[in-house]
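In order of appearance the chains are A, B, C and D, and numbering begins at 1 in each one.
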Amino acid sequence: MSDTASQSDRLRVGVLGVGRIGSMHVDLVANQVEGADVSGVFDVYADGAAAVADRHDVTRFDSAEQLIASDQVDAVAICTSTDTHIDLLVAAAETGKAIFCEKPLSLDLSEVDRGLAAVEAAGVPLHVGFNRRFDAGHRSVRDAVANGVLGDLRQVSITSRDPAPPPISYINVSGGIFLDMTIHDFDMARYVAGSEVVEVYARGWVSVDQAIGDAGDYDTVTVILTHENGVVTTIDNCRQSAYGYDQRVEAFGSAGAAFSDNHREHYGRTLTAAGGSSALVPNFFLDRYIPSYVNQWNDFVAAVVGGQPTPVTGLDGRAPLLMGLAANKSVAENRPVAIAEVG
Amino acid sequence: MSDTASQSDRLRVGVLGVGRIGSMHVDLVANQVEGADVSGVFDVYADGAAAVADRHDVTRFDSAEQLIASDQVDAVAICTSTDTHIDLLVAAAETGKAIFCEKPLSLDLSEVDRGLAAVEAAGVPLHVGFNRRFDAGHRSVRDAVANGVLGDLRQVSITSRDPAPPPISYINVSGGIFLDMTIHDFDMARYVAGSEVVEVYARGWVSVDQAIGDAGDYDTVTVILTHENGVVTTIDNCRQSAYGYDQRVEAFGSAGAAFSDNHREHYGRTLTAAGGSSALVPNFFLDRYIPSYVNQWNDFVAAVVGGQPTPVTGLDGRAPLLMGLAANKSVAENRPVAIAEVG
Amino acid sequence: MSDTASQSDRLRVGVLGVGRIGSMHVDLVANQVEGADVSGVFDVYADGAAAVADRHDVTRFDSAEQLIASDQVDAVAICTSTDTHIDLLVAAAETGKAIFCEKPLSLDLSEVDRGLAAVEAAGVPLHVGFNRRFDAGHRSVRDAVANGVLGDLRQVSITSRDPAPPPISYINVSGGIFLDMTIHDFDMARYVAGSEVVEVYARGWVSVDQAIGDAGDYDTVTVILTHENGVVTTIDNCRQSAYGYDQRVEAFGSAGAAFSDNHREHYGRTLTAAGGSSALVPNFFLDRYIPSYVNQWNDFVAAVVGGQPTPVTGLDGRAPLLMGLAANKSVAENRPVAIAEVG
Amino acid sequence: MSDTASQSDRLRVGVLGVGRIGSMHVDLVANQVEGADVSGVFDVYADGAAAVADRHDVTRFDSAEQLIASDQVDAVAICTSTDTHIDLLVAAAETGKAIFCEKPLSLDLSEVDRGLAAVEAAGVPLHVGFNRRFDAGHRSVRDAVANGVLGDLRQVSITSRDPAPPPISYINVSGGIFLDMTIHDFDMARYVAGSEVVEVYARGWVSVDQAIGDAGDYDTVTVILTHENGVVTTIDNCRQSAYGYDQRVEAFGSAGAAFSDNHREHYGRTLTAAGGSSALVPNFFLDRYIPSYVNQWNDFVAAVVGGQPTPVTGLDGRAPLLMGLAANKSVAENRPVAIAEVG
């Protein structure tokens, strides 16, 4: 990072793309991340960028290139559409900037490899935004595995269901459910099990909206992953959940099990002659995961400022893409597919 | 106990009174208590006694005196109406039999003292049936106190609510809510806190059924107990609870808190757009407390056979009576009443 | 059923095999089932049979044939070793007796078909002992599906883990984990989803005890079932669980989800500076499932006495066997196997 | 409010006192409250005020008078030490400003009455900062009462325990535990029960730190409140709780009960051979109650902008002071004290 940042011990972050996720990152870095500031933003939609820049009194750059090149920017946060990630990542790497890139790196493995090669050549820090690793509940499951509390790990189970499907226009460019949605769970499986996945068996179908099927995608999937160390992970996903954003992880080992349960909107409940009733699961992903995004930024900033490896590396970004490609092939051919077949 | 029992290492129990609670004891001893058998029953209602005796193929005695005197009986379980307890207890003591007496010993302190004197003179084991001490959840709270897990105890909170009030005919002979219902919680307070109660402040009122008020009783009470060691216990009671038999205990100390929560009829639940829903609390006291009755019998039998003190002594039966008398006086005069004032 | 039973409206049950499960059935029918009595028992191990017969004061028959033929027996409960089930079932059917048969009917599909043919020819009631359907929590999940509370069902998830593996001598004759242990979950999947399974993908491995692997079996399995109606069920099984008998079911549909959670040994818990702590999951299958066995008997007795279909039919006994055979094939060939391939 | 604010439909808030609670209010209004902005701050500790003013780029006034008089300020938030509240409140009222005043209004009833008289004379909106009413869980309990879900209310139970006691220097000026800490629970009792309190019985003692006793205060109290409508509320307070900030409310009525349970730091948990373990209760009051402060601001702003009554009125600020005075008298004289005796 630049001398200026070193002098101040604060990381100056330039944010590329300030749509829903990008503007959230801007707000978090500006208001809740101790060691970092937003120093500028860019978006192809200039009005959106202007509003965000105005709200936080930061520079609105006229192009991604200008932001990347600016000596006010120590780290570039890439929050643009997926198909632009690698070009921006390569540009940022070549300028020597630390990089925070939203998931997925790309839908194209060769593109990912081009990006990772540029990062490696430049020797810059790269973090891929798998924020769920930083959720305190999910992390406690992984820690129970890593610290030996569960003994030898045997089975992992991940449930992830969105409150409602995105618009078809988004589905069309999403890369499909495995690369858009399940990719978080693929990452979680590697994170919790601490072992690479070697084989994928997936079932995908349409149970929410036929328009998703017509777009060539699935809205509901069940996946079995076999890890190198013999552990088996199951994943249940759905694009629609009536009771809110269902986010759970469990791990089972020779000495016990660990669970990360859903949150509730509040912890009030009643008991009447009709039984017990309690609150909904939070409906919006930010209500559940904002603290994980803050934790992620804090860890990223500490790693970059401290010259340590980033918490989620480029290889952590690459592996789930392979798993997604294998899952697509598995559904198409209704058979288990080895990772080696797709990568 | 008799030589015969010593030889067989099994305790032969004669049960006096086989109404609801007495016939439950017969069933439990016959079917679920390892070291004891029912050897005979008696009830002033001969048909009821005959049905129970027939069901378990045991002797139906023609009088309480015969049962008490029988050399088939090592221990006498007194499950008759409260006003007969002390006479039977004295008779059993004088015959040298071990005694299991349902709560309360009596509504009359001088009667209790007469009974305890007889027990002491005879040197026989006496156990008073405060079964809730043997509930695994409640016991875990007391153990957390006794084992020091909670540090120095500060506050105890007990909630006990019945699904529905008994008939007015029962209210009329019950001795009032404090001696009939709260007496269990008075015992629980002493058990959990491990310290005698020195002062009682109680509020009692009618919120369930005016007929209970017309009978000179309350159906809802809130009580504060001050223990000798400075701990303060609160008790909430009500004769009616729409959601089932509400039975909870909590204890708070310098190092933490312990809770005994309600059970549920089952552990199924749903989550829908309307929120979470779960099952009722069991509605019937036996659904919650049957295991506590079995544990109580096992501990009583082990104590008698092993020549050890019974788990709930005569003094444990006397103390809650004093607390109930103090509570009645406290409500009547709306002031805290020292136990020393009533005993 | 016989005229005698009709006259008395009580079902007289003869129990074949009084090992662990058979003697439990005897105790339940004798003590806790309202409309039935045990009228006799038989076991090839005569001393065991004598002890049980003595405990309940019922006839000990000298042979299975005598018990089946006896006019004291309205219904035959077959609780012997699996390889003897079908011969006894055929004999009981030919004698016109109602039949309660423990699971699995047989490890051999042709044997099952021989048995079902005999039952059909005789027109006698047959119930297969999948007791978990009668667990109140699991049943609440199935009811939430059947009553439409969950909308259109999409995914089912079943977790079943034993506290500890059986001895290798049992493993050797068990038919393998899928036919011995998972068979309960195969039944649960059909019960909850209300739809036949058409394809099975299974992974099986050894993570508990290599001796189980040496015996040609697995001790840990993960299974994906595809139902005729498109629903997908996942099953996680393990022969060893450090925290007790892990028994959970969940179902997810368009309108919500339903869960049957584990029980706890009690509902006491503590909160200290180290966090919260709570009790274990019950360690023994009877601690969890006794009420389900009682419910099963009550429903079976009501069906037989009332001339209604039994709650779990012969076809319900046959289908999970096919699923187990498909699962074995799936693991061996590491591919999804259609039920049509094995049956 | 001023014309300017009316024109912009945003409320401009000036904050008096920017210590721990005041600077929190500044941050919340600046970052998380939709319809309001901070327009200036004042603190007798100028450096503290400067830091806060700088952080949010707002005016630092040289005196409370200047802030109150400023035409940039529509509403005055009084977050100074308790003994200064009424003078500032009167000054703000006389200037026609809307007022948000932290609890307690004053420790002196005549002072409170002087303040409320000034507010009434000026006709300005006044809100007293009892934020816990705006906690979603606690509110759900009150709503269950208010909406009739619980039928006729009978008993309320409030538990409130701080993680650790404040310094003795704070204790010395706090007005004592009843006016400093229990005052929140006094407010909660009125809020949940929807009925004034007419009598108080309180016990107070020292179990945490003798220095608190030496300062003439208690660190642990148990209180019984009798409401005008016959409902009885119990309150358990302690200045120290090993497991975090214990904040619970429950209400019991003829048709059921409602509970507001503690939160957890996260919802991960484990099950091992040692039982279950789970996370701590949040240790810091802001971790639990930040959303309640945000809700409170939103409701206050909406009320002022919309010309509606504030959610917590001056009388809502006065009543708990009376309850605290009665509680002090009750402990001193060990008897129930009618509110009429102290007000």
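The working rule: a contact is a pair of C-beta atoms (placed from the backbone, for glycine too) under 8 Å apart; a residue touches a chain by one contact, two chains touch by 3 or more.
All values reported here derive from a predicted model rather than from experimental measurement.
Chemist: Looking only at C-beta pairs that count as contacts, which pair of chains has more of them, A-B or B-C?
Modeler: Top pair by contacting C-beta pairs is B-C.
Chemist: Farthest chain from chain A, comparing Cα centres?
Modeler: Farthest from chain A by mean C-alpha position: B.
Chemist: Suppose each chain is reduced to the average of its Cα coordinates; what separation in Å results between chain A and chain B?
Modeler: Computed from C-alpha means, the inter-chain centre distance equals 57 Å.
Chemist: Just how far, in Å, is the C-alpha centre of chain C from the one of chain B?
Modeler: Distance between chain centres: 39 Å.
Chemist: Specify, in ascending order, the residues of chain D that touch 2 or more different other chains.
Modeler: As it turns out, chain D has residues touching two or more other chains at 242-243, 255-257, 269, 271-273, 279.
Chemist: Taking the touch rule as given, give the residues of chain C at its contact with chain B in the complex, in rising order.
Modeler: 31, 57, 135-141, 144, 149-150, 255-263, 265-273, 279
Chemist: Can you list the chain C residues touching chain A in their complex?
Modeler: 151-152, 154-155, 157, 159, 161, 201, 203, 205, 207-208, 220, 222, 224, 226, 230, 232, 234, 236, 238, 240-243, 246, 252, 254-257, 334-336
Chemist: Any idea which chain A residues touch chain B in the complex?
Modeler: Within the complex, chain A touches chain B at residues 242-244, 264, 269, 271-281.
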